[in-house]
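Accompanying notes for the structure given below.
Chain nomenclature is as follows: A, B and C, assigned in order of appearance, with residue numbering initiated at 1 for each chain independently.
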Amino acid sequence: MSEQSLAIRKFSDLANPTRFLGLAERLLPWFSGLTALLFAVGLYLCFTTEGDYQQGETVRIMYVHVPAAWLSMMCYTVMALSALGTLVWRHPLADVSARAAAPIGACFTFLALVTGSLWGKPMWGTWWVWDARLTSVFVLFLMYLGLIALNRAMDDPGKAAKVSAILILVGFVNIPIIKFSVEWWNTLHQPASVMRLDGPKIDPEFLRPLLIMAVAFSMLFFTLHIAAMRNEIWRRRVTSMRRQAARNVGAVGTGMEGPNA
Amino acid sequence: MISLFLRDLKLSVRAGGGALIGVLFFMTVVAVVPFAVGPDLNLLSRIGPAILWIGALLASLLGLDRLFQAEREDGSLDLMLMQETPLVLTVLVKCLAHWSASGLPLVIAAPLLGLFMNTSELAIGATMLTLLVGTPAITLIGAAGAAVAVTLPRGGLLVSILVLPLAIPVLIFGVSATYAAVEDPAPFLPPFLILMAITLFFAVIGPLAAAAALRSSSD
Amino acid sequence: MPICLVVEGLSAKRGEDLIFHDISFVLRAGEALVVTGANGSGKSTLLRVLAGLLAAESGSVRIDGAAAEIGHPRELCHYLGHRNAMKHELTVAENLSFWKSFMGDSPGGAGKDLEDATEAVGLGGISHLPFGYLSAGQQRRMAMAKLLVAFRPVWILDEPTAALDANADRLFAELVTGHLGAGGIVVAATHQPLGLEARELRMTGFAGVGGMV
């Protein structure tokens, strides 16, 4: 056996949902604990570091906002990789992963938008600015919601998997174009009057809690993602058991009607 | 392939076809705007090109969901999937036919509606030109959405939700190019060329994604 | 070299459910196979897998001895499903000529022209009418005319005689016999006897193995 085929076999061992469930059961407590710990440290640092002389206390919003925005993009990348896994390698867990990641991604994106808006009110004097970044995150949010709607509209998970994988990839290819065009549009309509986060160099004082929060958020994502994948696998098993039950009644031919024939 | 083009064209022109409805919808949307923003001609002439673009964008999405669904319902899609002709090509031709029947009339109707909006001749010309180049992009990327939602009985609304975010760049560069033609400092060519590039790009990924989705949703 | 449809170890799933398992058969030029079985036993699924419209879970379908290189066996097949694949808004002639030119002929044969095809299904002279004006039985017969206008060596027919009366049944049997006589292959799923000399594949449903009779 060549090394490569061995690697493939290991890979497909992991593909076995039962194995994945076992792994998830073992990992989840550790992941949750680590996430809680990181959040404790991160939040403590967030509230103990000094406020910015210019932005005051509102700078603390950034510690939530920036990691959430990063995660909203990472989550779509995870979905795009999963979509590739579904279409190219036909990995059975890939579509579970993509399906589970969509609502999580939407939540992070929503969090980024809300915190951005809260930060914008004292800083820009308005809840919403059609800034290039905010707008592209908003479009990303719309794309997440569209994907969730599509997933919910299709009842056959196998078919929904391939079709939404295609859409995820089309979206992924389009994200740079959308980002680029939104930036173009923004400079056309309102020249750089908007203060940007990346304008001033970030002080190490702020960087430390920010990085810890970023790691905490990532761990939160992995924890939620694994848990959501586990739930999705259970949900599918329940569905297929129900189908089995319905079929057995038909096969025995007892003439008993199911509750929803 | 020419026969497919002609057939789709005939179908959309015959009774029940969507070509006329698209133009009517376009006119209605544009006609409603002054009621919302007020009859101020200066304001209307300023936002006119933008209104025309939004109307055209919404009208192009209308009827897009039937692009493959009608074929699926009567079994024609099965036969198209089986042919030697690459499915991507079939999809592309169907998009072209759909655009000729429902997108081109929008481009032709745009100048008339531009007059209602008190838009200058130059702006009307620019709007027409950008619509001519930009609306095929909406149809092409819309085909991917239509193929994804082909199995859903009421996929129409979903197609719009899925496609609109992807169509934002088309809107941005379409409107930018139009305004650039009218207002002096901004050059017209860069946004217009980018608009063309987006159309060409969508002409590749739209049919590719649509063909892949149609294959996998066959049952 | 006459063609030959070879099916080996075919199984297929619908959603999560295995519909049939390990079906194998070989059909030589001039042979027909009638697929029978109760509703939901997987007849339609089998035909759609043969026509390349559904992916098989395992096993293969291939056509040996094709006159030219082909990309996929489905390219040599006609598929007549439950639906007629004809547009109600277009006339019969427009429908048929579209399919004739869109599908083209497989190597090794040529399709009939429109008038001959409509004559062959007993409906000559009405091809100028919109397809929607025809009765259900006439529509089905026109859908069969579609099999004639473009040449394909293999016909895959799903409930071809639904909505047809006894007369039309006989006419259909003649069409199929003619196709077999010319060295074609026919696979048909049906509830009712088609009046054909053919082998029979009985589907038993729910992962039951189909047995050749």
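Note that in this section contacts are C-beta pairs under 8 Å (C-beta built on N, C-alpha and C of every residue); 3 or more make two chains touch, one makes a residue touch a chain.
The structure displayed is predicted, hence computed values, not measured ones.
Under the stated contact rule, the graph of chain-to-chain touches is complete, every pair of chains being in contact. With centres taken as mean C-alpha coordinates, the chain found closest to the middle of all protein C-alpha atoms is B.
By number of C-beta pairs in contact, A-B leads when A-C and A-B are compared.
Centres computed as Cα averages put chain B at a distance of 37 Å from chain C. Centre-to-centre separation between chain A and chain C, using Cα means, comes to 47 Å. For this pair, chain A with chain B, the centres built from the Cα atoms lie 31 Å apart.
For chain A, the set of residues that touch two or more other chains comprises 156.
The residues of chain B that reach two or more other chains are 219, listed in rising order.
Looking at the complex, you find that chain A touches chain C at residues 156-158, 236, 239-240, 243, 247, 251.
Within the complex formed with chain B, the chain A residues making contact are 87, 139, 142-143, 145-146, 149-150, 153-154, 156, 159, 162-164, 166-167, 169-171, 173-174, 177-178, 180-182, 184-185, 188.
Against chain B, the residues of chain C that register as touching in their complex are 14, 48, 51-54, 70-71, 74-75, 77, 79, 81-90, 94, 97-99, 101-104.
Residues of chain B that touch chain A in their complex: 141, 144-145, 148-149, 151-152, 155, 158, 161-162, 164-166, 168-169, 172-173, 176, 179, 186, 191, 194, 198, 201, 205, 209, 212-213, 216-217, 219. If you check the complex, the residues on chain C that touch chain A are 15-17, 206.
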